[in-house]
Amino acid sequence: MFQQVFDPDGFSLVERDGKPAGFQFGMKLQYYRGAPLSIILDLEVWLDGVKMPREALRAVNRGDVFTLVEMETAVDNRWEFGRWGTVQVLSGAAPAPGPHRLGCTQTIRPSYMPWPIVVHAETDFTLPG
Amino acid sequence: MFQQVFDPDGFSLVERDGKPAGFQFGMKLQYYRGAPLSIILDLEVWLDGVKMPREALRAVNRGDVFTLVEMETAVDNRWEFGRWGTVQVLSGAAPAPGPHRLGCTQTIRPSYMPWPIVVHAETDFTLPG
Amino acid sequence: MAAPNQVKRSVSLYSLQEEYYYGRLDLEGCLRAVASTGATGVEVLAEAMFPDFPGPSPAFEAQWFGWLAKYGLTPTCYDAFLESKLYRNRVLTLREQVAMTERDIRLAARFGFKTLRTLCSTPLEVIEGSLACAEKEGITICLEVHAPFALDSEWSDLYLEMIRKTGTKHFGFMPDFGMFYRNMPPIARAQALRKGAHPDLLRRVDEAFAERVEKGFVHIRYSLDLAAANSAYRRENGMFDLKEKLVPLGANDADLGYLFMSYNFTWNDPSVVTRNIAHIHHTHAKFHEVDEQYVDATTPLPQVLAAYVAGSYDGYISSEYEGNSSLNDALPVDSVEQVRRQQEAMRRILEA
Amino acid sequence: MAAPNQVKRSVSLYSLQEEYYYGRLDLEGCLRAVASTGATGVEVLAEAMFPDFPGPSPAFEAQWFGWLAKYGLTPTCYDAFLESKLYRNRVLTLREQVAMTERDIRLAARFGFKTLRTLCSTPLEVIEGSLACAEKEGITICLEVHAPFALDSEWSDLYLEMIRKTGTKHFGFMPDFGMFYRNMPPIARAQALRKGAHPDLLRRVDEAFAERVEKGFVHIRYSLDLAAANSAYRRENGMFDLKEKLVPLGANDADLGYLFMSYNFTWNDPSVVTRNIAHIHHTHAKFHEVDEQYVDATTPLPQVLAAYVAGSYDGYISSEYEGNSSLNDALPVDSVEQVRRQQEAMRRILEA
């Protein structure tokens, strides 16, 4: 696993129709050749120790936005190696300003590997007040 | 709907490992431009008035075999317009020799149509003794 | 027709689907048949008739151009279908829809076509995103104005606005004559009766159609939710009200099928073509029947073609025979003869 | 090395993944770095570094050949990955897998490569189905013999039988030096200790490895169920037995991770290369570390390269640096320097 998983400049709040909808962060995939989104079996996000609901997650890559269910057939959208992708957490509310702890697990299934790759990473970040 | 839906020469028994596994029939898709299998939302088969279990059905096209669940992502396999495809019913047993009644409903969802196409066709056929 | 004109005639191979389905005509046979009707252009549904679509082989490509030369035909329009609901769990993203359209544009160019038909359900953004490719490949994307969609409507204005905004020369419209149906096709009425419809109820449907022709149709609106838009169109034009009246009178499936079908066609004054001619680059001459006297009892061909001539149209008008489905439950279909009659009817009008 | 030889040296860009990940090297930077190590060939993972894979643009293609000329590099091997589990609900059909392989063969040819690496998990039928395309495009498909897969095994015999049956000249093997690991990489052991492993337990793992080297490995068998085949291989070579002994001794995740990793490498007598040389068309010089004296403490490079020379091998041996993952939890990585050292080590042996 590479040391830097999260984009230090990628944390921000997300609004929908002028109202707080959640937050987002930038991340790199922990797999050396990139991946079509469809082989990312799962993304799991924890904010301050609380697991975010799977339905709240969105993967944003190359201008397209997918729920994790939609991602199952996103075979033509590659999360390229070394490129920041964005994960949105549309929990319906903005996390409070100040410091937070983020955790994210990536589960990737390259076809030739006998078992999926599961990588967990954590970081501290601060939301502007 | 075209008059001839079923292949008059396409009815036969299917064996697996030398044992009776079911039967199959040839059919044309009732849609003027053919379709990738993934937009065929459903196939339903009745034999002598008894509906066959969905899990028993296989679509065989261009050398590939799909369950109806697998068919959901068969985007590169086209059932071409005017060509016979094969539907297998792997019910685990061979229907008895002699006359039978077959019914099949095709549900196809072309993307531009407000509603899916649902076509039901029936035919009599005879299995050799 | 008063003045000489540059209107050219083509045939869409959609017209020959019955013969293709039964294997009575293969693709070469279809091209031979098109040439026999007097048309000089051919329009295709590559998805229906090109082997190994969307990856036809170089060998097929060579054969295709050989056949065109052999039968003296010019490729006119490539009919694209945007399979945006390829998966169950989602609609293709904008990027994916543009990629699919670009695939079709490249195929169209590779096989010699100049225009590409895109369906009336195509999102504005998809067309806009495909314009650069269309320009590069020398293809004009034509949005099919298929009933109940209409020119001079809120819907078509959105696309005109896109043309103005982008300044593109590679996008325009192609009317489908289903927007010039003055009444229901007689063979459709005959089929409904074969299926057990009640003559008096069909008359009520026909009268309602005539009333819409008289008063004008409420146009369908732009929406990415086709079922909702189409339902609204039907409601606003009285279909559900009429249905509620017919059901207590004993309407059966055949009656209601005829009612439903009657909302697939509309009537527009043909002058709408002349007004929009600068943006019209191809046309579907949809039809159900032309009789032995070369008359279409549904679409007033002389009046419609006059609107094209009045606009100095120099594109193709392409036969799109759809009568087979009103016959093939019980009666023989001869698509080639029907197309020949429509082509002859149009020739007589245009060369008069 | 006794006789002059035709062995050529290449670098797989897999080796530079750490620098690419952080943006310290872009693709051009990687090519420049490869040239700086003394290699004349370059191997790529197009999926990792070609923009817009699998549809790289003509502009990128021109740039690619420009860079090759600028840095004096020859494309050697294109590393394909067969994404047969692209969907959750099924494995791609044979036809789809062949189509994907053909896509990669055409990309390889378009970008100037002569060989295509296919993974040891590739079904026989997929390779057989792709041979015609490989022949047409002038590509030799090379099955990577990646530990724990082995030459002179039941598994490799199946592919040899396919070569005999088809008579193809466009398929062969490419060993990966992970099959020539005489012991665990020291940097992997150091990393385990950093993570809290117990020295005495690591020693038990190392001893078990040495025992396998001594007695010989039970080879993994051909199966479309990779997880089952791999589990069987681990069981038959004693991994689960050893685990059961280590757990009561207090083995933690770091100990067990080291145990698990130790089954990713095998030792084979290098003479296996000489015996199979007629079917070997490329090679991955997988390595974890080469020190300042140009010694790899894990793989006996002189002995392994001698086996190639003995077979009069005239293909490429391509550096595949994998040490970054044993360092990058805590230590700096310098992939370019590591590759330079391995290239220099190989040069000294081959030019001696």
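Here are some notes:
The letters A, B, C and D name the chains in turn, as written, and every chain counts its residues from 1.
Just so we're on the same page, a residue touches a chain if its C-beta (ideal position, glycine included) is under 8 Å from a C-beta of that chain, and two chains touch if they have at least 3 such contacts.
Here the structure is a predicted model, which is why all the values come from computation and not from measurement.
Graph distance from chain C to chain D, where chains that touch are one step apart, equals 2. Using mean Cα coordinates as chain centres, the one most removed from chain B is D. The interface with the greater count of contacting C-beta pairs, when B-C is set against A-C, is B-C. Centroid to centroid, with C-alpha atoms defining each point, chain A and chain B lie 42 Å apart. One finds 30 Å separating the Cα centroids of chain A and chain D. For the pair chain A and chain C, the distance between C-alpha centroids works out to 45 Å. Across the assembly, chain B contributes residues 72-73 that each touch 2 or more other chains. Shown for chain D are the residues that touch two or more other chains, namely 87.
The touching residues of chain B, counted against chain C in their complex, run 1-4, 28, 32-34, 36, 38-39, 41, 72-73, 75, 78, 80-82, 109-115.
Residue ranges of chain A in contact with chain C, taken from their complex: 62-67, 69-70, 72-73, 76-77.
Chain D makes touch with chain A in their complex at residues 14, 17-18, 20-23, 45, 47-49, 51, 53, 81-88, 119-121, 226-227, 229-231, 325, 328-329.
Within the complex formed with chain B, the residues of chain D that make contact are 87, 89-90, 93-96, 99.
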